[in-house]
């Protein structure tokens, strides 16, 4: 299939690579010439603009950093909607606010283009390995069309409802994740301060009602989970600044809906303090260090 | 075995019943004459005081509402320590602060009595069914002695470390539980307000990084989990006032240790507001109603 | 002086009226034809667009609801910058984020227009009475130029620094105000619950270290301050939804600066819960009702 | 007058000194022999116990660190109530929880002793200078009796209501104070991060609706108020650990009353984090440093 792929950053580039491997021909666009050259060497075709990439494509995929980029890549003068043919399926995989996802899809619909939002989880590792989860907001027909292609970049392709619900699913999950990680950090640090062995505490929590992914799979306390970022100095996971971005999307969407998210807002501020201290590049589980008297002891 | 069992409330009475069924002879004490008569009819012997109950017992078990009761039942003039023989194993199953557990155990140790703390989880249902979890703080020797008897009242008998660590494990787990439930409530209510189907949202969370017991087993949103209190009007589970008690123990222990527990403190206040509104008797998952515009719609 | 005045809502209309009274001739623009007709009857001239209003004006003033309006009124095809002459002083009195204020001023500067931001406090009452406070971000020269005209609409004209600092001053003050009001509410409600007379408590606070405008001038407890909204059913003051707007600006500016504002974020969520309950139109001091067991008692 | 004065710490000793200067004869008790010798050298009489001090005294005053000390000094075997004559007025100036104040006063009443609670504000400086504020919970008759003597140790003697209300007034005021100081810290740090001059910001706040004692008298930002602890490295004011004690009393009293205090609970945790970092001895306004990217820059 001839696919337009726009946005070739840390996530987009490995995703495009998997589509090339699967035998698709790609029209590529990005501002970064180096990555364009790399992917062209693997068989892709370099386009002059999103408009140019979209022309003649049987499917358009975008993967961009934030809502402003999505608006300009889709709605701009040289944007996708200026080049795409009516009837072409389209999907944006960026993580952005649900309202922008709906606005851009509505603009696409006005010229006969069915568009989905499909933010991912799984990180750069999942993008490279082709094991991402896609949370897809689309009509049932569009979902059926997209599923095989998304399945060449990911493992779980989940239909969340109509357009925008992919973003909603992602920000609600990550709101809870951000809170849970702080909760586990408080529980582990309190237990340590009170004198229980943290390995024992984690094993009790993990077989009890406190059980959660942030404790049993990604425990922030060093020494509890060997494969977690806590075991390697909080490197190489999901950066606190990315969590901060997602919590920002969640609290902003909540603000627009007049929906209170009290713990979510506090958690956001705690990651913000971490970022202010210059630790936004560490894995988000390093938030546990805000609660530890002496990190040096470990 | 001749066991002194003191404290026959909603938890203690069914626990004592299971020990009678297992063939032990019990010296019983409580202020409630009705429950004493009931258990005497099942073969127990009524004692005049904790001291009286402890005299001649081969094991002493207490199950009391709060730290003040534990202090008076053990350390009072007619208390357990006034009657117990040196060398007798002893265990308090109340949920109290770790410091009181340690203080009382230290007093017991001064007269040659090894004492454990062993708070439980599993509620009145688990107490009746003999499926409680015991979180035990004790020396390895005492734990080995207690394990078979506790096993007649519960299913998981977990050794947490030295005396006091049973309480620590319980309050740390419940601190996290109290936070997680609020987190799930915020995520579900936000998703609903933004327009995703709550069943779909829960299923995404439950197979993703937001996964936790509060979502996959006890989801607060009506209609998600058929066996959860949310499906039956928030009745019959773990009351918000009990969660409030445990969060009070956690934040008070944290205060004494100068250990911040920010989300825990906020969660405590949210359950406190629920209790102030007269809803402390509902299951703690009813906290979700603080986040819903119109509970009436369901 | 010939002044362009754009944005004639609840604040803008009485401000324009005061300028007409002071003898200025006004080029008026708004989407609301009724208010345009009213002000034309007082001597103003109706313009066809912001561009039209700005042409030939010796000063341009705008007073708009939010940043999006400011951008379109100034930067749009028919916007102020399309009509204004180089060298004309300009001021935007809207309450918006500091970054937009700076961006629009930078665009103005590129065509030789010195622009100030000058958000106000004092509400519709102050606008009508000409007693507003203007917090002005401008060069010293521009401030000197604007001061006499602003002084015809307000009483305190404060120079905060360069462009953008007017907005910063306003959102920082209102961040603190939003927090203080919740703080006073918690202190008064706690005192009442514990059994002290609330009049006595307020008088102690007001002569002690808890003293603040939210307590001594605008106390949220009914019966304490006769002139406060609490004495008239929380009507006619500064609406909770306006406070919510300002806290939204503050936390969003903080997010962009990676600056934590923990209590500010919690306060925002509490007003958001109030707004969700349908009480966003009440004075913001009605937040005290979130803390009272039975509002009915008063 | 022959006065028993028990508790001669940092506050009690200078208070007792002022009573000696005013010509009273004092029966003194403390565990610290050094301070007893010092005050004996000024004319006081050393007693063997609180009971001994109370015998023959025309008034009993106590000034103790915490509720446990108040209980033992008044209710213990050698306590005040074992020695005091019926009809003798009595006052405890400690800062403790209202319930203990009421309990001890009830015990006193049972043997014909009218007792007041009268916690102070003003710190060790005020104690030495005789300028303390006393917040007095007492019957009108007892208040009238105590007022002249308290007036020899302080400047403002405020009648708050019946016994216990002195404590309530103090903890409610300090709850608000603790919140306000965090609020001012957030507002000043946000303003600084966004680029306004902090002197200008403080002056705007201080003449606007954000005005409060924590900003206009005790501003935490260095350089704003010359007499504030911020101007001298956060030394010599009201220590963060003392604020932490008072917030602990407030949230504990709120817990017992099922009264939510959300911002109060968060503020407590923030001071707790400060204390955990080893900065509990600094003035409480040093909480601002939790919000500053680089304290070193000043």
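Order of writing sets the chain letters: A, B, C and D. Residues in each chain are counted from 1.
In this section, a residue touches a chain if its C-beta (ideal position, glycine included) is under 8 Å from a C-beta of that chain, and two chains touch if they have at least 3 such contacts.
Owing to the predicted nature of the structure, the values given are computational and were not obtained by experimental measurement.
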Subject >> Most widely separated chain from subunit C, with each centre as the mean of CA atoms >> reply: B
Original post:
If you tally the C-beta contacts, which comes out ahead, B-C or A-B?
Top reply: A-B
Subject >> Approximate Å spacing (C-alpha centroids) for the pair subunit A, subunit B >> reply: 39
Original post:
What whole-Å value do you get for the distance between subunit A and subunit C if each is reduced to the mean of its CA atoms?
Top reply: 37
Original post:
Just curious, how far off is subunit C from subunit B if you go by their C-alpha centres, in Å?
Top reply: 52
Subject >> Junction residues of subunit B, two or more chains touched >> reply: 254, 258-262, 266, 270, 273, 276, 293
Original post:
If each chain is a node and each touching pair an edge, is that a line, ring, star, complete or other?
Top reply: complete
**OP:** Sort out for me which residues of subunit A touch subunit D in the complex.
**Re:** 262, 266, 273, 276-277, 290, 293
Original post:
In the complex formed with subunit B, which residues of subunit A make contact?
Top reply: 98, 121, 133, 135, 156, 158, 160-161, 164-165, 168-169, 171-177, 179-180, 182-184, 186-191, 193-197, 200-201, 204-205, 207-215, 218, 250, 253-254, 257-264, 266-267, 270, 291, 293
Original post:
What residues of subunit A sit close enough to touch subunit C in their complex?
Top reply: 248, 251-252, 254-255, 258-262, 265-266, 268-270, 272-273, 275-276, 280
